[in-house]
Structures are given as C-alpha cells and as structure tokens.
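Okay, so chain A shows up in both of these, paired with chain B first and chain C after.
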Partner chain A sequence: MSLIVHDLTVDVAARGRRAPARPIVRGVDLRVDDGERVGLVGPSGSGKSMVSRAILGILPPHLTAGGSVLLGDTQMIGADENIAASMRGSYTGAVFQNPAAALNPVRTVGQSIALPLRLHYELDRDEIRERVLRQMRAVELPERLESAYPHELSGGQRQRVAIAAALVTSPRLIIADEPTTALDAVVQRRIVDLLVSLVDDLGSSLLFITHDFAVLKRATTRCYVMEAGRIVEEGATEALLHDARHAVTQSLVEAATALSLRGGEEA
Partner chain B sequence: MTFVLKRCAAFVVALIVQSAAIFVCLRILPGDLAMVVGGTSSTPEQVARIRQQLGLDQPYPVQYWNWLSGILHGDLGTAQLSGASVAGEIADRLQVTLPLALMGLAVALAIGLPLGVLSVTSRSARVRRGLQIAAIVAGSIPALWGGLLLIMLLGRGVGLLGVLPSQGFPVRGWHAFGRALSSLALPALSVGIIAGAEFMRYTRSALLEVRDSDYLAQAMACGMTRAQAVRTVGLRLAAPQIVSVAGLTFAGMLTGVIVVENLFALPGLATLLMDDLGNRDLLAVQSELLVLTAFFLFMGLVVDLVHHALDPRLKAAASGGADGADGVADGTDGARKEGTR
Partner chain C sequence: MTGNTTSPSNRGFAPRAPRGRLRGARIVLSSLWHRADGAYALVVIGLWLAVSLVSLVWTPHPLLEASGRNAWAAPSAAHPMGTDGAGHDLLSWLMRGSLTELEVVVLVVLCTAVFGLLGIWASVGRRAGAGRGSRAWMVCVDTLIAVPTVLVAMLVSVPLGTSIAVIVVACTFAYSLSIVRVTRPVAQLAATSQYVEAARSYGVGEARVFFGHVVPAIAPTMAVQLSLSAGTAILAESGLTYLGIGIPAGVPSWGRSLANCAKLISVYPLTVIWPGLIITMVVVALNLLGDALRDCADPVVNADLRRDGAADDDRSASDMAAAESSTREQELTGERMPAQEGESHEPHRA
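Let's look at the complex of A and B:
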C-alpha cells in the first residue's frame, strides 16, 4: 500500500483566546494502492492542496495536521522533521501547480533535477550528471537545457523539469498538485500523458490533484471528490463522469464537458 | 559584460556630476579661506595675495578644472592650516575609520544574520517574538547612548568589567597592533550592535517573503527540512537584498561614525571633515567630500555588480530579455513563452 490517509484534519493553529483553531480539512480518508493512479478533485478552496501538503508534511507553519498519514510504514503526522524530510524526494515525489514559482530561480535545470539525488544518495558528480541527463531524456528535454535557468524556459519545459526532479529518485508515490493548471490546453494534454506514462513505467502510484475532470479522466482510474474540507464522493473516474451523485461532482463534470468543445467523451 | 561596462561608465558620470555639485555648493557657502589663513590682523593686500597664491582669484571654471586635473594626478590639495597634503591626512584617518567600519560591519553581520534566520525558523513563538522586539529596541538605540552604556559596562577605568580602552587611538597606529585593535573594539561594538539589529530585521523580512513560497515547498518536497530550506534556498534568494543592506550599511558607517568617533576620541575621517569645515578650509573640504562621495558611489557599484552575479534573471534582462530566452527554447511545447513571472 503506497498511501493510507485516515481521519486527516488540517486546522489553522489557535493563537490565544481571540483566534481559536479554524478547521480547513475534516476527517479525510483516502488510500492509494501500489501502482494505482488516483485523483483528488474539488473546486478551488475545497482543501485539496492542503491534503497534499499535509501528506508530505510541508504545511505552512501556521497550519497543523491531525489524524494519520501512512507512507508505506511511516507515519507522517507528528513525525520527527528529519524523518519526514527523509521520506520526501525518496519515497515521494511532488509536482506543484506553477513551476515558475516553485523551481529555484538561481539554480540551473540540472541542479534542480539533481537536488533529490544529492539530498538522499551519496553519488559522485558523474553518477549524478548521468542520472540527471537520463531523466531529462525521459521527460523529453534536450540535453543542452541542463545549464539553462528556469526563466529561460517555456511553461511546458519548466513543468517537465519539475516532473524530472520529482521522478529522478524513482519514488513509490508521486503527488501532483494541479500540475497542468498553469499551462495551456495543448501543453496540458502532453504533460498529463507524459506524467502518466512515466509513472506507469516506474510502477509507482500517483495522487493527482485537480479541479478539472477532463484532465482527471486522462490521468486516473479512481477518484475522490472534495468539498469544503471533506470527501463527499468517491468512485471510478469513468463512473463518476456518467453517474455523479453529489452536486459538486455534477457541476465539476459539467464544467469539464462545457469547456471541451467536442463534448466530455473526447476530452 | 556590457552591463559591467555600462555600470562603470555610470559610476564615472555620477562622480563628475557630484564633483561639480560639491564645487558649486562650497563656493556658495559663506566664509573666505584667504581671510582665515591671513588671520584677523591681516591687511586687504595680504588677503588678496593669499587669495592669489591659493588660486581663489581665478574664474570658477578654471578653479574647477585645476581641482579636477590635480585629483587626476593624485593631488587632492593642501590643508591650509596644517600645511599637510589632504591625501595624506585622509589616508591617515582612514587607518582608523576603515577598520572601524569593517569591524562594525563584521559585528553587525555576526549578530544580524543568524538571529534573523532564527527569528523566522524558530519553532517557539516566544523566541520569534522576543527576537523581533529585541531587534526593534536595539535598532532604536542612539549611537551616543549605546556607546556610553558600553563604556560604563566594559570601559577600562570606568566600566563594571573594565577590560577595554574607551578613549583614543595609539599614536603608533597599527604598529601597536594589539592596542589599536582593542581601542576600536568598543566603538565597533557600538555601531555594530545597532546596525546588527537593522540587519536582523532586513534578513527577517526578506526571509518572510520567501518562507511561504513554493520555492521552499519544492526544496522541502525534494527532501529538505523547513529549517534547512530556509537556510539554503531562502537565504540564497534573500541574498541580493542582504548584500544591498550590507553595502549601504558599510558606506553609511564610513561617513556616519562621527558621533562614535567623537565619543571614543578617535582621530577618524569624520572628525577630520568636521575640523576642516570649522576652519572654513574649503579646498580641503571639497576634496574630502569628493573622496567620501566616490566611496559611496563605489559601494553602490559593487552592490549592483554583486546583484548581477547573484541573480541569473538579471543577465537575461540586461542582454535584451527575449534573446536569452529564445536561445534555448525549442519545439517541445511549441516554444511558447508564457508571460507569467
């Protein structure tokens, strides 16, 4: 089992009597089996990004998480910081929404992709470089971009760099938090297909977070729907597209269908 | 490279403009050097002769040109009352002021950087709040009062722990290395602690800007702890701002230590300038002001060049922006340039 989340809560930490704790995520249960691709879908502000950050143990300091998050055998909630950090970038890989705001602007493409390797493995320079170049080929980035900086790349190229960095250590679980939202439709589709094929090649699991059912259909087989901090519906992605019960799910499916001109089936 | 050349050219132009401004301002000021040199009992003829000797009877453009061409030959003029060369006096005084400013900057960095990081990364809200208050309090201390407190605490002869000299500078200067160093310790602490508090606040606010950014989230997702990410990625991204503050603090210390130099009776640059101003020695003052201005402009130049070296994004901007971007883009994603960030 790659990931088991049980009764996860995220709260804005209390600050004295005047500002009591405020809930953001309530009692979330979800699981991702080995090799499974699972979606977490919901409208903006439903708390899905906070779920992904709580799983990774990288919530902003003013937020606290409760409940249980098991990555393999490791409990992430309340874990020692060093232990949590040792899981990130080795057991998990993460891709964020806007690579322009996430990739270190003063590090080259090669350095950004090499970071998880340098943090978790004792490899010499040549080995690191070799693995970085192999990973760049896997995400279809030309070798000469190794020494380029993020600001010199297009949006799609930047997201390929982020995906390369997330996958370079062959992690068991990849968490992609709206990885295509900052991209245009054509590039979106390419990036999703690339991510899915790389995850399948590794035999890893994927937790794909989005508000877009059209993307979800391409990327996942099963998904959870979130609204206002809770999971309101779950099921096979295909089934939810045709037979959504909850109003939120229905409106998200409708939005995806309306957006793709040729209808939901082709999305 | 073109950026470096352009920036150096701007430095030279700014210096020339500043020299003209200094020259004009000092000619507008009241007071006649020739009368001061001649003394109160001198006759108008004597004063006129002195004026002629000093070249003060020539038209202003000629005076200005003589001054500038002298400087280009390394001649900053002669102080009229002492008869010493201004360049020599400045060099003498710099032996006190430059080490003082350097030591002050070292103290400021040693205090400000680690505490600034701690005030962001500490898990205890009390520590974070306490450091913030300490920074505001220490930064608000007037140099005079802070220096006095230090003398009363550590000054030899008067302090509770009388371990450090609090007055004067050894006559043999840096040949008496130990004594010279110890006589600058208290002054450097007085300016360094106050500047250190400022530094801590700048470091803190620069780090807070990046603390909740996805740059840190990305670094943490790759396997860093939060503290590690703040220390490496956060500080690196904040580096240009910290360098700016350090450069300007250093320049400010060189010119702004007058209170401290007076309090600790140090023969420094600021006291020299004040003495010559009091003597109406405008020929010496104009050269001294120009040296200080040149130093200020030079620190600005250094800060800009360091900025440039620290941030690869500036290189693309300087070399015409899109050129750099197009050079590496390829067809993978239609070579599309997003305008975002």
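Let's look at the complex of A and C:
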C-alpha cells in the first residue's frame, strides 16, 4: 500500500483569542494501492492542494496537520524533519500546478532534473548526466535543452521538466497537483498521457489532483471527491461519471461535459 | 554568424565559448570587459589592486620621510603629486592609502554580506518563524535604519577607540539593515514560490533551500547593494577619519590625505585634487561594477551564459524571438512525432 491517509485534518494555527484555529481539511481518509492511479477532485478551495501538501509534509508554516499519513511504513504527521525530507523525492515525487513558476530560474534544465538525484543518491557526475538525459528522453524533451534555462522554454516544456524531475528517482508514489490546469487543451492531453504512461512503466502509484473530470477520466481508475475540506464521495471514475450521487460530483461532471466540444464524453 | 546583437560570441571575439569548471566566471568577466562601464570598473579596480600590492613592497619615497621645509611643495620630478603638510610625498601616501582602503572595503563588504544574509534569513527563513516573528523583525529593522551612521560610529568609538573597526562596525550596521529592507520583497517572493515548494518536495532541507534557491534570487539585488556599500564605505572612511574617529593618525589613507589637503584648500588649492580624483574614480568604478555585474551574471539577461559553445554561434536575439514563437510549433511537432525528433528540432530553420 503506497499511501494510507486516516482522519487527516489541516487547521490554520490559532493566534490568540481573536483568531481561533480554523479547519481547512477535516477527517479525510484516502488509500492508494501499489500501482494504482487515484484521483482527488473537487471545486477550487475544497482543500485538495492542502491534502497533498500535508501528505508531503510541506504545509505553509501557519498551518498544522493532524491525523495519520502513512507513506509505506513511515508516519509523516509529526515526523522528524530529516526523516520527512528523506522520504520526499525518493519515496514520493511531486508535480505542481504552475509551470511558469515551477522551475528555479537560475538553474538549467539539467541541473533542475538532477537535483533529486544529488540529494538522495551518491552518484558521480557522468552517471547523473546519463540518468538526466534518459529521463529527458522519457518525457520527450530534446537533448539540446539540457543546458537551457526555464525562461527559454514554453509552458508545456517546463511541465515536462517538472515531471522529469519528479520521476528521476523512480518514486513509489507520484503526487500530481493540477499539473495540466495552466496548459492549453492539446498540451494537456499530451501531458496527461505522458504522465500516465511513465507511471505505469515505473509501476508506481499516482495521486492525481484536479478539478477537471475530463482529465480525471483519462488519468485515473478510482477517485475521491472533496468539498469544503471533506471527502463527500468516492468510487471508480467511470461509475462516478455516469452515476454520481453527491451534488458536488454531479455538478463537476456536468461542467466537464458541457465544456467539451462534443458535449459528450471525450474519446 | 548572424550579427545583429552585441553579444561577444557574435562579434567573433570568443570564437569558442570557454568550457570547464570556471566557465561561468570566465564568461562573466569577458561580458564585463565588453561593456563600457564594466571595462572602466575592471581597469580602475585592477589598478587599485595592483597599486595596493606594489605599495606593500615599494613606494617612490619611504613613507616616513618627512621634511618640514618641503611641505606643500608643488608637483615636481621628485614628487609627481607634490607633498603634504608634513613634507611626505603625496604619491607614496596615496599608494599606501589604497591598501588601507582595500582593507576597509573588503571588511565592510564581507561583514555586510554576512549580516545582511542573516537578517534576510530571519525575515523569510521557515525555522525563524515566518509570519509574526518576521513582521516584528522588520519593524525593528525600520527603526534601526533611522539611526544616523555617524552617531553609531561615535558611540562605537568609545570602546574601540580610533580604529578601522569603528568604520567597519558603523558601515556594516547601516548597510546590512538597508540590504535586508531592500531585498526582502524579492526574498519573500522566492521563498514562497513554487520552485521552492518543488525543491522541498524533492527533499531539499531548509538550509539548502535558503542558499540554493532564495539566495540566487536575491543575488542581483545584493550585488548592486554590496557594490554601493563598497563605494559608500570609502566615502564613510573619509568622513569618519576627518572627524577623528576613523583611521588613526599615523596610517596612510585617502580620507586622511583628503582631510589634510582640504583643510588648507584656500592656501594650496590644487593639492586636494589628487585624493579627491582618486576617491571619485574608485567609488564610481565600484558602483558601475555592481550594475554591470548584475547584468552580466544573470543568465536571463546575458545570452552568453546559456548553452555550450556550438549552439551559441547559431543563436542571436532575433532567432530567440523567432524561437519563442516556434517553440509551440516544436512542441506540437515533437509531440506528434517523437521518433523523428532529429528532423523536427528546428522547424523554423527549414
């Protein structure tokens, strides 16, 4: 089991009498099996991104997490920072939303992709370069971009670099937090397919967070629906598309359907 | 080679871009050299360094040679810049003074950089308590900035006496606070940006996040601020030495020469030109260096820092613009036909 989340809560920390603790995520239960691709969907502001940050242990300092997050055998809530940091990047890999800000502007593509390798493995420069190039080929980036800087790349290319960096250490669990939201439709589809095929090749599991049901259908087999910090429904993605029970799920499905050109399911 | 930019590789000065470990530094130096302000700064600062080193072993006249009868002599063959009030050869004193200035500048810049970084870490570093703690800290900084530097210098001179330490402490106090104030927005932007979050998700620890990701983002601002503080440190040295709380009396320094010559400006008006001119030239050089460095060391601005040699020869600014509009094309082409990557590489070159 790659990920078990039980009764996860995320609160804004209390600051005196006038600002008591406010909950953002309440009592979330999630499971992701080995090799499974699971979605987490919900309207904006439902707390999905906070769940992914809490799982990785990188919440902003004014938020606190409670409950239990088990990555394999390691408990992440309340874990010592060194242990948590060693899990991030080697057990988990993460891809975030905004390609324009996803890469360090003063590091080349090669250096950005090599960073997780340098952190978690003892490899010499040639081995690192070899792995970086291999990863770039896997995400379909031309080799000449290895020494390019992020501002020379398009949004889709930057997201590929982010995916390459997330996958270069072959992590067991990949968390993708709205990786395609900022990209246009054609590139979106390509990126989603790429991510899915890479995850399947590695045999890793995927937690795909999004607010777009159309993307979810392509990327996941099972998903959870969140609203206002709680999980309101879960089930197989196909089943949810045809037979949603909760109002939020229904409205999300309708929105995805209405926005697609044919007004029906995407092929 | 297409030639409608000013980057050196297109002018043929550097036919082969340098490779190796110090490649970045060598490119930055050559870019500096090709700018008017960078070249001026490099020449003046280079001269300053050379003269300081030479003065350690040789000056035209021994420093202590003084002849009361020869005070305030006009420039001559024996004394190219004349003599000062005690009969010392002005040229020799200015040469040796350059060493003192070098010490002042190096110490001030180092201490300012260290304390400036500490101050920035206190305001954006995670463990240091972003949020409440950092707001309180910024209020402190704003209050302390209002304290006049001269006042600080005078206070510090009580325990430390008249010494270079007074200058260093007073300047570090003023400039590091100012650096914290000026770089805080950029540092905050970097610290809360998504690439830092991504780095944390790879497992980067807090110290590495700060030095590897936040510091490079504030480096351009800091370069300019540090160069300004280097120039201002020299001016501060002059002022504080004039007040009697800077460099002690027996040690040659530009500030002391300037002060001595300025006292008698109504009697011997031309002597003050020498220290004044030298101080002006060096301070201007330091300021220009900061500006030029900020541009030349930034890979976004300096095209030569990107890519290895071969690709540079083919790229010019206009090609970059064309490339941007065609990256979309490349992306689509690359996506549909990954196997034909070699052909779809540069569709706009067909």
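Keep this in mind: the second predicted complex is superposed on the first by the 265 of 267 C-alpha atoms of A that agree within 3 Å, B and C clash if a C-alpha of one lies under 4 Å from a C-alpha of the other, contacts with A are read in each partner's own complex, and residues count from 1 in each chain.
As a working rule, contacts are C-beta pairs under 8 Å (C-beta built on N, C-alpha and C of every residue); 3 or more make two chains touch, one makes a residue touch a chain.
Since the structure is predicted, the reported quantities are computational estimates derived from the model, not experimental observations.
J.: Following superposition onto chain A, is the placement of chain B relative to chain C best described as a clash or a fit?
T.: clash
J.: Could you say whether A:34 touches chain B, chain C, both of them, or neither, answering first, second, both or neither?
T.: neither
J.: Could you look at A:201 and tell me whether it touches chain B, chain C, both or neither (first, second, both, neither)?
T.: neither
J.: So, A:187: does it touch chain B (first), chain C (second), both, or neither?
T.: Both partners.
J.: What is the contact status of A:130 with respect to chain B (first) and chain C (second): first, second, both, or neither?
T.: Neither partner.
J.: On the A-aligned overlay, A:238 touches which partner chain: chain B = first, chain C = second, or both, or neither?
T.: Touch status of A:238: no partner.
J.: So, does A:61 touch the first partner chain B, the second partner chain C, both, or neither?
T.: both
J.: Given the superposition on chain A, at which of 4-12, 22-30 or 58-66 does chain B overlap chain C?
T.: For chain B, the clashing option is 4-12.
J.: Shared contact residues on chain A, chain B side and chain C side combined as an intersection?
T.: 56, 58, 60-61, 81-82, 85-86, 88-90, 92-94, 96-98, 101-106, 115-116, 119-120, 140, 142, 144, 148-149, 151-154, 156-157, 162, 165-166, 186-187, 190
J.: Given the complex with chain A, which residues does chain C contribute to the contact?
T.: Going through chain C, the ones touching chain A are 126, 129-132, 192-195, 197-206, 213, 216-217, 219, 298-300, 306-308, 311, 320, 323-324, 327-328, 331-332, 334-335, 338, 341, 345.
J.: Along chain B, where are the residues that touch chain A in the complex?
T.: Within the complex, chain B contacts chain A at residues 211-215, 217-228, 233, 236-237, 310-313, 316, 324-325, 327-330, 332-338, 340-341.
J.: How about chain A: which of its residues touch chain C in the complex?
T.: My answer: residues 15, 56, 58, 60-62, 81-82, 85-90, 92-94, 96-98, 101-106, 115-116, 119-120, 140, 142, 144, 147-149, 151-154, 156-157, 162, 165-166, 175, 186-187, 190.
J.: Using the touch definition up top, name the residues of chain A that touch chain B in the complex.
T.: Its residues touching chain B are 53, 56, 58, 60-61, 81-82, 84-86, 88-90, 92-94, 96-98, 100-106, 115-116, 119-120, 140-142, 144-145, 148-149, 151-157, 160, 162, 165-166, 182, 184, 186-187, 190.
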